[in-house]
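Structure, as structure tokens:
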């Protein structure tokens, strides 16, 4: 997962992107970067770490530019290579080209083979480098045609921002898997992964970029759009369940309301009796609130989150993982002791985190613990950009609900049903739920390899 | 304010204190430090910044010691001098003496004059240095008598930990202003400002140290106590309202329960009608929950806290303060728009933070905003260790409730009454409420100067 | 200028390159980097700053590889962009390709145009990226033919190291402008810009790589060479005069001996009378020693160099430049006062540094100061990799010797004659002396632009 | 060893001290610090590391003060405790007192016992803390009498600077062991360990502070001196041989000239035959020059010093020590091979460094190596501030010259005779040569312990 944010024609464009990326930080903590274009030329600043650290150290304040794009990147195992930090940029025939990309292409391998055959070289393992190669290779003369030409070769999920000198371009794949919204502050247009980032800078939300839309935002304030053919929508349902911020509107819905709805639906599917509903801060809070409202069972904030345990937490002592759970979320004994508790989780991936939490609730004296999950079991990997572990590591892929219950150590475990989820979210066929159902809307090659690094040696050396 | 944590006779004493200080980090973000004693001698490591930064950089992992005390310190204007970082330590006649102190002495000036007259010199402006001087000057031969002798000269609020070589000593002033609790893990005794720190390491709570108690914990596991005369209790009521963590028991009470009680009492005193109760994360959440429970008005978590805005937030751009409010807490428009809202604050000090929050709620479209405060107006400064600003800066000290309401910009402002607060907290005369009532239980010299630095030149140079 | 160092088939290859780069640090203080290949794959680590800082921070110790190349880079105004740090590397069709390059190509612009036309994109402004593109574009099948094909398109000065997976390749341009030597330790071959780096690791010097030679060093210890046609030698004479370390053999000569010879020739051309010969530490010391030996005038080390003023010197106060001269080299009054002094400089570029030094010698009480320079006036820019300033900034390009004398403030100024220099260095037509004579051995396009960044926009955007 | 520098009544006092400490950096690389007094009060900034690092990080530029003292401290094993960084400072009865001290007291233990008995506590193990205690304990009313009173209790070597609010005080022990000189720039007086620091700021040398002199420099430009009784001079001869910078005048002599004289005397005592005299950069250069001048044997700078190997050198690989020698000083094979060489060392302490150097000269092909040392064998420890190792580690204390020769691996080893040294330096009984002769001019208690830390437990705990 990643977050992208861009702005056109603003005197404080760099400041705006800095703030906007803060609002998207939850979409990626591993690296951050910006690319800017202005009268003094272009510049790119990026690095590994949080927005605050990277952009402060990179002294972006000293830069200038009125058209700027920014990116935050999620940590994916094995790919934390500094060269893979976005935006990716080149200077081609005197034109500055920069890309910030959220999503995952599914035919990267094939595209790379094709491009290398004609002499292209790759410095990174990023989809965004592939996008630039395709753009540059296009024989079309008009910029919009170059984009249509390049993107028509691409398969997979992408919401991407481009700077072509001072033209800001946004593109969203024909299925609309990842979100991308258009906002405005004063006369300046903004593109952002989530609408919460508009709030950070006091901008207003205009509309979502449509699936297959390629939008060109010019310095003079004019915008024009071109479209790839789009047959069917396949918005990532996990954005609604877990990934997006509760203060965003994503795919036209209030995330806060959607999550409360999931909780209310859980209350219908699992009308349990208990002393309290206990949210797991912060992600499980909204479904828990919905469940409490739906069930009438008291809502108690009985787990305290320690805000000093951030991503940068590094213990000088061993036993890091165990310790993080222990210190990060502390159950309040006075609240929990001797009580029947309903714990609401947004989702279960590996199951180990839930297991640890339940353990500490037991130690705090809970009498009975029922866990409800506001989505169905995650059984299938995601090829469109959510960094789930491999199938073997997805607990629901290898264990029955009964066995997961035993593993986690709860007295009852209930997952929201697929239909319940669809109903709660007003699905109407617009969501991709492949991780639950295995029905992949976009073709996925079995050989799909995320990183060219791992590619078999083919033809260069005899 | 500060937090203190100490442990005796534990193989992992340093690790324990590291974790314990994490649990007390909310009591002081400015500096951190530890002092340790073991077979390889003693050592002190300290520095400015959060526990994680300081103790990692100081490489405490490489140290050893079975008796260790630690300290975190709150930021107080003008005193962020590196030399004032605790623990304070000396080597006196071959004995290692270290002190970590929470509270504020009220006769420091007088004690310093007395000590300087007899040739003592002061390197810091810390009360803890004064405590060591008094201890060392005592003509008594027995350690417990030295302590009684020294502490009987001291006036004010203190909960303090000492290492005298490998003897761990805890002392609490006769009024019991600041908290100090005894815990145990395995056969090792622990002293901590708050019980939540016991949870961090899996220790169990034994009892509170009593007002006026001086407890000596020896390496062999024996403990003995001596007592200063204690006439009357004066526990800091602000620990209950704001300062302590909700998962601690402080002065015998569950902080979580106390704060919910304050909210319920607010519901009795101010039975308003509204669409929702809105907590201000995280400190106002518990009183808000109590108010919602008491009033039956729905509880909505309509303000999202950005966890990436920490203490270390430094913007490369200007307009820092305004920006922090904006980015740190974002109201959810979809929840708030067109609604009548009750906002619960735990307390109002200067009023500017509340004002900014209300402004952003207005921008998010709130129709009417009622603010309720879970304590009475803060009118008087604290001389016992809470770092309130000067009287002039306390908004309730210079403005009527009506004017505060206008300043903050709410449609209604209600403070919990003093009696209501006492009743909700089961006061029974055990709390110091001087900041609300002006009734100071411990004598305060009008000339009390917190920092010797500011002392008038007296006698050294003619 | 840059320094390059590579080693094949050594268990401590990374350690060796680390040490080797220390020995080449004088060739480039701006950035450092390494690329390594081994059983665990490849890796690249690089950054701005000195070898010690970069490679320590990059934690090269944790890496592995038996074939490693390294690079240090000189600071050239306007190009201190982190993306331009070498080695440059790509993964092409599953083969790792890395390049470290010393020199400057003179037809970069033309090559880029050709490559971009066929769809190549450039992320950096480095010659080394161009070299990789050419290599990859070559239709030849054999690796040696690919190299010959690629390098035959290239004009200019280059000594370059390549890793093609685990094959170490060294190449030197047909004129042999920049040095490159072959060494050996145990059974491992080494390639280095200078022989002094062999000493750092206890390796022995085998021979220089010949102009136009392309040497392939395989993991099994076999080496083979291929050759580009080479008509005439044009070794950079400035390597002899200033750039190389005195403990290196470069182009077959002992640098120490060559510089002493220059000093002796100065003694012949300028038989002055004076109280002492004063070297300017450290670069002018060897010519000064030669002059003293040739003239019989006492050699006095009357200027003390402060070793604490390094490249990283950053004054918290202003007036940086002036201060550096003042603090860095302090004349000893007791030695200089009232004396007639001959100061030996290796070369004069802008003249400002010499001017400052003379000023401080005057202040120290020197009676008369004669300055002798161990090379002719530098009048022409270098297009082959020495980072002279532009023609306008070269003092000898705009001022007569008489005016330079006045500017610097000496009582006499003498430059070694071009013929004297050639004779002293046993030239025999093998050196490039274009900076003195303007006779450029390799064609230079007048439009030569070092950085593609500055290229005119051509064809990408209509 | 340490370096001290202070200035009175200067608008750029902080800048001056910053530059001055650069000039004294060779006297101490472990820590640096400054104390300043001005209209805005006082401040102290200090830390471990070089002047540049410490004072830059401490942001001294933002401070102000017209009277400033500074200190650099030598690394002494076991004492690299951050609390021991100077200047030491206190605020006593409203008066700021700061001390920077060079030297070593010999009755510290006794003074501490006396002071602790009367209730003083010590935070550091520094002599300077003891000096402040004595000053503050003095019952005298006049400042000069307080100083005389305090210093009359002190035994040992000290050159110290004090700030008493805005009065700058300098004091030198009655034997004048350590240097201290008075300088002036404009109307501002300066005190510095060495005169070279005057050059750094363009100040002029006035005179040495006399043994036993206490000089008071007031803000209004007046100076007055008081004197302790001084029977006999005992200047540290090692300042002349090794410690001071060659561009300083110390004890009235040009260090450059003194060292050349030592070399000339060596030429008289050891009229060897050889191909060249080889200085060991940089400390041995001056004696080598003297030997070459005296003997007529050519002087060759055949060992190249790598200026990138500084104090901060940290190898990511092991074998640090060995590597440092190897990389730091590289012999030039072309100069040395097959030659008879005279190597001049200023002194031999442990012998290991010399041994390593000789080894690398052998590897470079030297035929015969004669080592001459420009002082007698160091047999006795120093109690006055030179950080020699213990007697057991001084090679000349346990081995005969013959055995040292074998250990180091030279063909001949000659030490300058004690008389020769005295004559060369124009001793006339003014130097302390205890390290050579064992004749200690100032009484030394056998139990002298440098650090109170190690003191036996005495009386505090029963």
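Going in written order, the chains are labelled A, B, C and D, and every chain counts its residues from 1.
FYI, a residue touches a chain if its C-beta (ideal position, glycine included) is under 8 Å from a C-beta of that chain, and two chains touch if they have at least 3 such contacts.
No experiment lies behind these values; they were computed from the predicted model shown.
A.B. asks: Mind listing the chains that sit against chain B and also against chain D?
C.D. replies: Shared contacts of chain B and chain D: no chain.
A.B. asks: Where each step is a move between two chains that touch, what is the least number of such steps from chain A to chain D?
C.D. replies: Steps on the shortest route: 2.
A.B. asks: Return the chain whose centre of C-alpha atoms lies at maximal distance from the corresponding centre of chain A.
C.D. replies: The chain farthest from chain A, judged by C-alpha centres, is D.
A.B. asks: Once you find the CA centre of chain A and the CA centre of chain B, what distance in Å lies between them?
C.D. replies: 38
A.B. asks: With centres defined as the mean C-alpha position, give me the chain A-chain C separation in Å.
C.D. replies: Their C-alpha centroids are separated by 48 Å.
A.B. asks: What's the distance between the Cα centroids of chain B and chain C, rounded to whole Å?
C.D. replies: 61
A.B. asks: If I apply the definition of touch given earlier, which pairs of chains qualify?
C.D. replies: Here the touching chain pairs work out to A-B, A-C, B-D, C-D.
A.B. asks: Under the definition above, what is the set of chain B residues touching chain A in their complex?
C.D. replies: Of all residues in chain B, those touching chain A are 15, 18-19, 22-23, 25-26, 50-52, 55-56, 59-61, 196, 199-200, 202, 245-247, 249, 254, 256-257, 282, 285-286, 289, 293, 298-302, 304-310, 312-317, 323, 326-327, 330-335, 363.
A.B. asks: Any idea which chain B residues touch chain D in the complex?
C.D. replies: Touching chain D from chain B are residues 44, 83, 89-95, 97, 116, 118-123, 125, 132-133, 136-137, 141-143, 164-165, 452-453, 455-462.
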